[in-house]
Amino acid sequence: MQLGLIGLGKMGGNMRERIRRAGHTVVGYDRNPEVSDVKSLEELVEKLEAPRTVWVMVPAGTATQGVIDELKDLLSEGDTVVDGGNSRWTDDEKHAAELGVKGIGFVDAGVSGGVWGLENGYALMVGGDKEHVERLRPVFDALKPEGPYGYVHAGRVGAGHFSKMVHNGIEYAMMQAYAEGWELLEKVKSVDNVREVFRSWQEGTVIRSWLLDLAVNALDEDEHLNQLRGYAEDSGEGRWTVEAAIDNAVPLPAITASLFARFASRQDDSPQMKMIAALRNQFGGHAVEKKD
Amino acid sequence: MQLGLIGLGKMGGNMRERIRRAGHTVVGYDRNPEVSDVKSLEELVEKLEAPRTVWVMVPAGTATQGVIDELKDLLSEGDTVVDGGNSRWTDDEKHAAELGVKGIGFVDAGVSGGVWGLENGYALMVGGDKEHVERLRPVFDALKPEGPYGYVHAGRVGAGHFSKMVHNGIEYAMMQAYAEGWELLEKVKSVDNVREVFRSWQEGTVIRSWLLDLAVNALDEDEHLNQLRGYAEDSGEGRWTVEAAIDNAVPLPAITASLFARFASRQDDSPQMKMIAALRNQFGGHAVEKKD
Amino acid sequence: MQLGLIGLGKMGGNMRERIRRAGHTVVGYDRNPEVSDVKSLEELVEKLEAPRTVWVMVPAGTATQGVIDELKDLLSEGDTVVDGGNSRWTDDEKHAAELGVKGIGFVDAGVSGGVWGLENGYALMVGGDKEHVERLRPVFDALKPEGPYGYVHAGRVGAGHFSKMVHNGIEYAMMQAYAEGWELLEKVKSVDNVREVFRSWQEGTVIRSWLLDLAVNALDEDEHLNQLRGYAEDSGEGRWTVEAAIDNAVPLPAITASLFARFASRQDDSPQMKMIAALRNQFGGHAVEKKD
Amino acid sequence: MQLGLIGLGKMGGNMRERIRRAGHTVVGYDRNPEVSDVKSLEELVEKLEAPRTVWVMVPAGTATQGVIDELKDLLSEGDTVVDGGNSRWTDDEKHAAELGVKGIGFVDAGVSGGVWGLENGYALMVGGDKEHVERLRPVFDALKPEGPYGYVHAGRVGAGHFSKMVHNGIEYAMMQAYAEGWELLEKVKSVDNVREVFRSWQEGTVIRSWLLDLAVNALDEDEHLNQLRGYAEDSGEGRWTVEAAIDNAVPLPAITASLFARFASRQDDSPQMKMIAALRNQFGGHAVEKKD
């Protein structure tokens, strides 16, 4: 089938390649002319036969909203837009309503796979009406990994991004789990080759996983991670997961702890621990560490 | 080679079978005469040629200590004892010292694999002096999964159980990660087939793992886990992990949150939340829920 | 001075009384005619001389928005509206802008004091432009406790509710602190009069506080809180505090733990712990507790 | 009455002074001859009439054990030893048993008050047999604050230190509560005088407390705590509180979070966050921060 694809960055570029390998036609647009197939969204829309399908793969928030706004003007009744970026699930309902006014369908697709997706396939979590989702099936089939897994129509509009968001929340806590265990093993003296302990866990254990394999890769490159700083960004989904939990009164202690650990990792000094130091000094005369 | 194996329960019985399949001789002893090969520890020791190797696979704590005490009397210089149970790593040094007085070697082995070990192999994390560990290699090779993983000589005496303990701590937080995500997905209305979302994650995602496969198995048996109570025991290693972290001043927020969630799951009512309710009532006149 | 007061519930009714005791004129309106001084908002506005000051003390969200909308129509340039309810700070900027279109001033006031406020005074945290805040000073002085504390002009519009929200977040964690300690003391056998331990802490300790005094009151009424269920509602500010922390990448582990403990207290059974039980059963054959 | 007091440091020295002001006789011993009343423990014991009462106020652990061992030799049946240091409650039973062999009584006393105790009195939480505790009442009365609070006979041997330990655990979480709130207020732009917000809370609020007063003192000395590093030690009781909770399967999320925040504050770089950074880089090509 024919697909318009907007956004050809690290993810979008590889996805174009994987969809083409499956025999489909992709007309890609990116603001960077070196990777773009067309010069404008107008040209992209012109090159597609109606009913058109356009996959949006740009940063969540303002950029996605801008593209949705433009597509609303350029597309026609019966066309379908897929948002495959990392949009917040609450934006999906808004976008579906905006496009729905003109009879344009909307599907949200959470996409996992990172730099490994081109070869292994991308896991897809999709939300939307059945009629819109089914039209996209050939593209989903091209993107997903071989075999029975890696694709789900999770529910109505928003369900795709919501599922992907929860996936990332789980990912935060799994990474934190390995990270905490690794720090503890590195700290004790009786264990003298932590890397080999991690490697041994890759078979026969309860905690074997793809993330564990990646941890071993990382330790093979830098056994004690001496070259790294203990600094971690977060990309939004972890925050949204906790916010969704709060909206639904669901306790998420491990996922939230993982998010907060990232926040703390980005602070040069901890304001709250200054207050702790100040209070200890006030009541107990405990020494404080003054800044240099 | 020849091995004495003490404790033929769910784990020990399967391990005897797997070692025998590899062509070794196992003399097994259990208090239950129906599964035991010999009638007493004395008989077990008599049946083994010196230098003997005896694997202890009984519950941690008093039971293990009792067997160690008996073996200290029955065995001779040059023999080796392996503790493959879930002993606390701090017990290992004590046992090594007690047996060392008579020149008996000691190795600690953390064993993972559960009910799947007989067919898939047991992951082994081993601590002890190189000479004692090397004598056991044929048995370790028989027990471990095929391939390059599933076995590590982690360090000195205690390092095996310490590594296994951390493995279990990580396991707690990974399980908690999936559990939190599952509860949140089940709670929201837009996602209408959470089980299929979990199934889809088994390929192409960052969070694919053996535990995820098990979660899907569980959901296939009981889609919303309606037949279960939200009640979880803990077997000691999680507690020890947090205690080791405290000893080493290592923050373990996600693992500890997972342990506390289990504690809370076992309370019919939460005393601390009674105090919260009482305080809210005191300052704000907020309604409290009285017991029936 | 003259004040219109909308909302005469548990808080508003007592505040009317305290302001009147200070010699000011209060025209109160409530949907409940039994407590209302006037029959309608129109009548309330008519009874006040310009420039008018109207204090809104109704539930946050829809109710407050409705009153703001009506006041926008009824009031005139130079009048001032105070929102003393538990509104989210993000609503304040919206309300200030809406009213500002007509030249009506807006002040947000976080109010603490609960059922004790009538006698002891209400702590007030206020946000808004200096000119609007200063006009309200006589009312603030009437409401606040005697002495140098209990009132602050915290900053621009929104700062009052934001400060009150953080106050409540701190309150959550302080209550949780006492509650955790109480549960632990109740659990151990060596301590045989926990209530007296709490009472003793009221002087000379680092943890003496008004909340501790309330805890002792509660224990005097019901020594082991046997008559209560461990069930706690939350009123919004705790959730907003965590959301504000997420917006600002500030780690709040203790406050968030306190919020999650309340969420968990309201669940008949824990879905996430069902998943933990299911997973333990899958890999280890651990017994699960079936529902009756 | 007559009291021997061993350990005349920051706490012990002030306690000697407060007991003397109440008209009692104190024979103090310290390794530092400049503050000591006698040259040796032998001399101290000689100066006291039987039945003797000796208060031990030295660092917990080895130092306390050493003094207990010496006193066991020097004292006689009918004498009583009080351990007023920060000993772990589990040590108390051991010490009581060791001294009990010779008929020497033992009382444990948790003491709170810090540098403010000399003037305001020390809060005392006491464990032991009634007959031993009652003999000490004159000293307890001298040390405690005036009024009905500040003293409790909490239960059997160990109950005093256990109660004091829980007091400190609560203290950790209360300090963390204020610290988290302070950091959040400092971070947002709408609130422009956080110190005055804290000051205002000292009357009429739910969160007024002695610790809040100290926080205001600290902010008066250094409004944004710019001169401090966010670094906090811990003195043992927080760790023991969490260990006691684990022993008793009591969830303590807020207290534990507070302890872990201190651990993290003492790390130059976070090993676990290195692992998070490494994993993010592995699966997503996310940039890592290399060390300079």
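For reference, chains read A, B, C and D in written order, and residue numbers begin at 1 within each chain.
Throughout what follows, contacts are C-beta pairs under 8 Å (C-beta built on N, C-alpha and C of every residue); 3 or more make two chains touch, one makes a residue touch a chain.
Just so it is clear, the model here is predicted, and its values are computed rather than measured.
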Which chains lie in contact with each of chain B and chain C? A, D
Check the residue numbers that chain A and chain D use where they touch, and answer same if over half are used by both copies, otherwise different. same
Looking at C-alpha means, what's the farthest chain from chain A? D
Distance between chain B and chain D based on Cα centroids, please, to the nearest Å. 37
Whole-angstrom distance, CA centroid of chain A to CA centroid of chain D, is 46
Find the geometric centre of each of chain A and chain B from their Cα atoms only, then give the gap between the two centres in Å, rounded to an integer. 33
Could you say which residues in chain B touch two or more other chains, in rising order? 114, 176, 178, 180, 183, 187, 206, 211, 250-253, 257, 260-261, 264, 272, 283
Note which residues of chain D are touching chain B in the complex, please. 206, 239, 242-243, 246, 249-253, 256-257, 259-261, 263-264, 266, 272, 283
Contact residues on chain A for chain D in the complex? 10, 114-116, 175-176, 178-180, 182-183, 186-187, 211, 214-215, 217-219, 222, 225-233, 253, 261-262, 264-265, 267, 269-286, 288-291
Per the touch rule, the chain B residues reaching chain A in their complex are 89, 112-114, 117, 120-125, 127, 144-145, 147-159, 162-163, 166-174, 176-178, 180-181, 183-185, 187-188, 190-193, 196-197, 199-212, 241, 244-245, 248, 250-255, 257-258, 260-261
